[in-house]
Amino acid sequence: MASPRVSEHRYRRRVQFVEVDSARIVHFSHFFRYMEEAEHALWRAAGLSIATRGDGFGYPRVAASFEYHAPLHLEEEFDVHLRIVKITRASMAYACAVSRDGERIATGGLTVVCVTRGEDGRMRSAPFPDDVRNRFEVSAEAGA
Amino acid sequence: MASPRVSEHRYRRRVQFVEVDSARIVHFSHFFRYMEEAEHALWRAAGLSIATRGDGFGYPRVAASFEYHAPLHLEEEFDVHLRIVKITRASMAYACAVSRDGERIATGGLTVVCVTRGEDGRMRSAPFPDDVRNRFEVSAEAGA
Amino acid sequence: MASPRVSEHRYRRRVQFVEVDSARIVHFSHFFRYMEEAEHALWRAAGLSIATRGDGFGYPRVAASFEYHAPLHLEEEFDVHLRIVKITRASMAYACAVSRDGERIATGGLTVVCVTRGEDGRMRSAPFPDDVRNRFEVSAEAGA
Amino acid sequence: MASPRVSEHRYRRRVQFVEVDSARIVHFSHFFRYMEEAEHALWRAAGLSIATRGDGFGYPRVAASFEYHAPLHLEEEFDVHLRIVKITRASMAYACAVSRDGERIATGGLTVVCVTRGEDGRMRSAPFPDDVRNRFEVSAEAGA
């Protein structure tokens, strides 16, 4: 019997020293890494690994964005809530909310596409392999 | 006599090894750092330093985004073209185009706000100081 | 009654995608960040925070080194074992062992000094404050 | 006629915002990246690329160290002087000096080995290929 499809994931993390800039807040570029860490945790929760499958498929990012509402500081713990908001034949979009003790810190989005590499080494769009596609579904909150 | 206001800047850079991921392309998070490097180069071109003024003003980022059109690879040289597309009393928005030998690699945007820190250490929105505001203007291409 | 002094700490971590280079192994520079993450976890275990005390003291690094014995790969879990091997009036030295399932991955060292900032903004060596010094002791394994 | 062998390289760089930590100095981990940037610039000066040769050889790091003498600050320009101090059949060692306007900032070392990947994907020590080995020599200063 198959395990249920995955549509969202909550990932908890602590701010590390190297992520904090000279204004004593987390540098804005790190939120994109937090979002990606949460994405890979979501794939692991689905029984998959985004990058070490060795099946020739890859998942490059085609769009990424964040809006910043409040700063994060050194050693604070925070949550990254990632939801799948759209799945097409060869792409997937996530919505991301970063919060600290329920306070909204940042909201973002990430779109990835499925590709294979041709013999010339160039990446080409390809449908998700079934064993990947069958593990995910759009979050019920997505229309909210 | 004042030097002309600055509205855009071209910044040239080479891809470094640590910026390349296991798919052998520049990790998407680094484009945000390239965009910020270009922003600080633009401020230097205007005779300013974004972070070491010691005047109590800071310029946190409130929005950042990129769309990725083609990959960058190890040791490639590329250009970051940053233009000011909007200036308000207390915020500034940039448009960013990353290219390699004229090929479009990525296009992005960044919005920063001007703040001061109150006695409680919290950041509050504030109008740009005159010696900063008077150095910048919106790029003529902005409406294009 | 005071809690026992801290002399070592074990810190567990998973390799993240951005830490892996184009040779598909963790980039050597990240081991220094892993060591520092373990150091700050050790300070937290001692009831302290290395960087947000606001007491005017800082702990810059004066020496850091690693020898690499075997590679770490994407999403692998690993352990960082940090031990205090020397404490002087104004400095502390750690030995660090990174392992994966008991296999030796890398061994390193880190020396930090205690400083205060003078009115001119320059850092000057200073004895550890008592409430910091009294929380640490040299690891019994240190002579091994 | 062959161009002269390369034994050292001077690499100039500006401190970027993301490299500065909350103590307003360059984070110690970035010096290892500066050293590697200088190494790759040295290889380019020798007409080589360390990582994109596609000849099956790789150059993982087996040891890296730095001692820190004075801090680097935001937007400062600095020099990285890298010298080859030892070459064996399958390894090469560099000495590195980071300075700012002649002031000594940090001194370090890096040892890399030459490897090939076997059919099982494991890296094995291998002699440098001739077209690499013939491009380098030990710096005359090395004995100093």
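In order of appearance the chains are A, B, C and D, and numbering begins at 1 in each one.
In this section, a contact is a pair of C-beta atoms (placed from the backbone, for glycine too) under 8 Å apart; a residue touches a chain by one contact, two chains touch by 3 or more.
In this text, all values refer to a predicted model and were calculated from it rather than measured experimentally.
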item	value
If a chain touches subunit C and subunit D alike, it appears here	A, B
A-B or B-D - the one linked by more C-beta pairs in contact	A-B
Label of the chain whose CA centroid is most distant from the centroid of subunit A	D
Interchain centroid distance [CA atoms averaged], subunit B/subunit C, Å	34
Computed distance of Cα centres, subunit D from subunit B, in Å	29
Whole-Å gap between the CA centroids of subunit A and subunit B	24
Overlap residues in subunit A, where contacts from two or more other chains coincide	17-18, 20, 22, 29, 33, 36, 51, 74
Topology of the chain contact graph, where touching chains are joined (line, ring, star, complete, other)	complete
For the subunit D and subunit A complex, residues of the former touching the latter	17-18, 20-22, 24, 27, 29, 74
Residues of subunit D that touch subunit C when the two form their complex	22-23, 25, 28-30, 32-33, 36, 51, 58, 60-68, 71, 123
Parts of subunit D lying in touch with subunit B, wherever the complex brings them together	16-18, 20, 33, 36-37, 40, 44, 49-52, 73-75
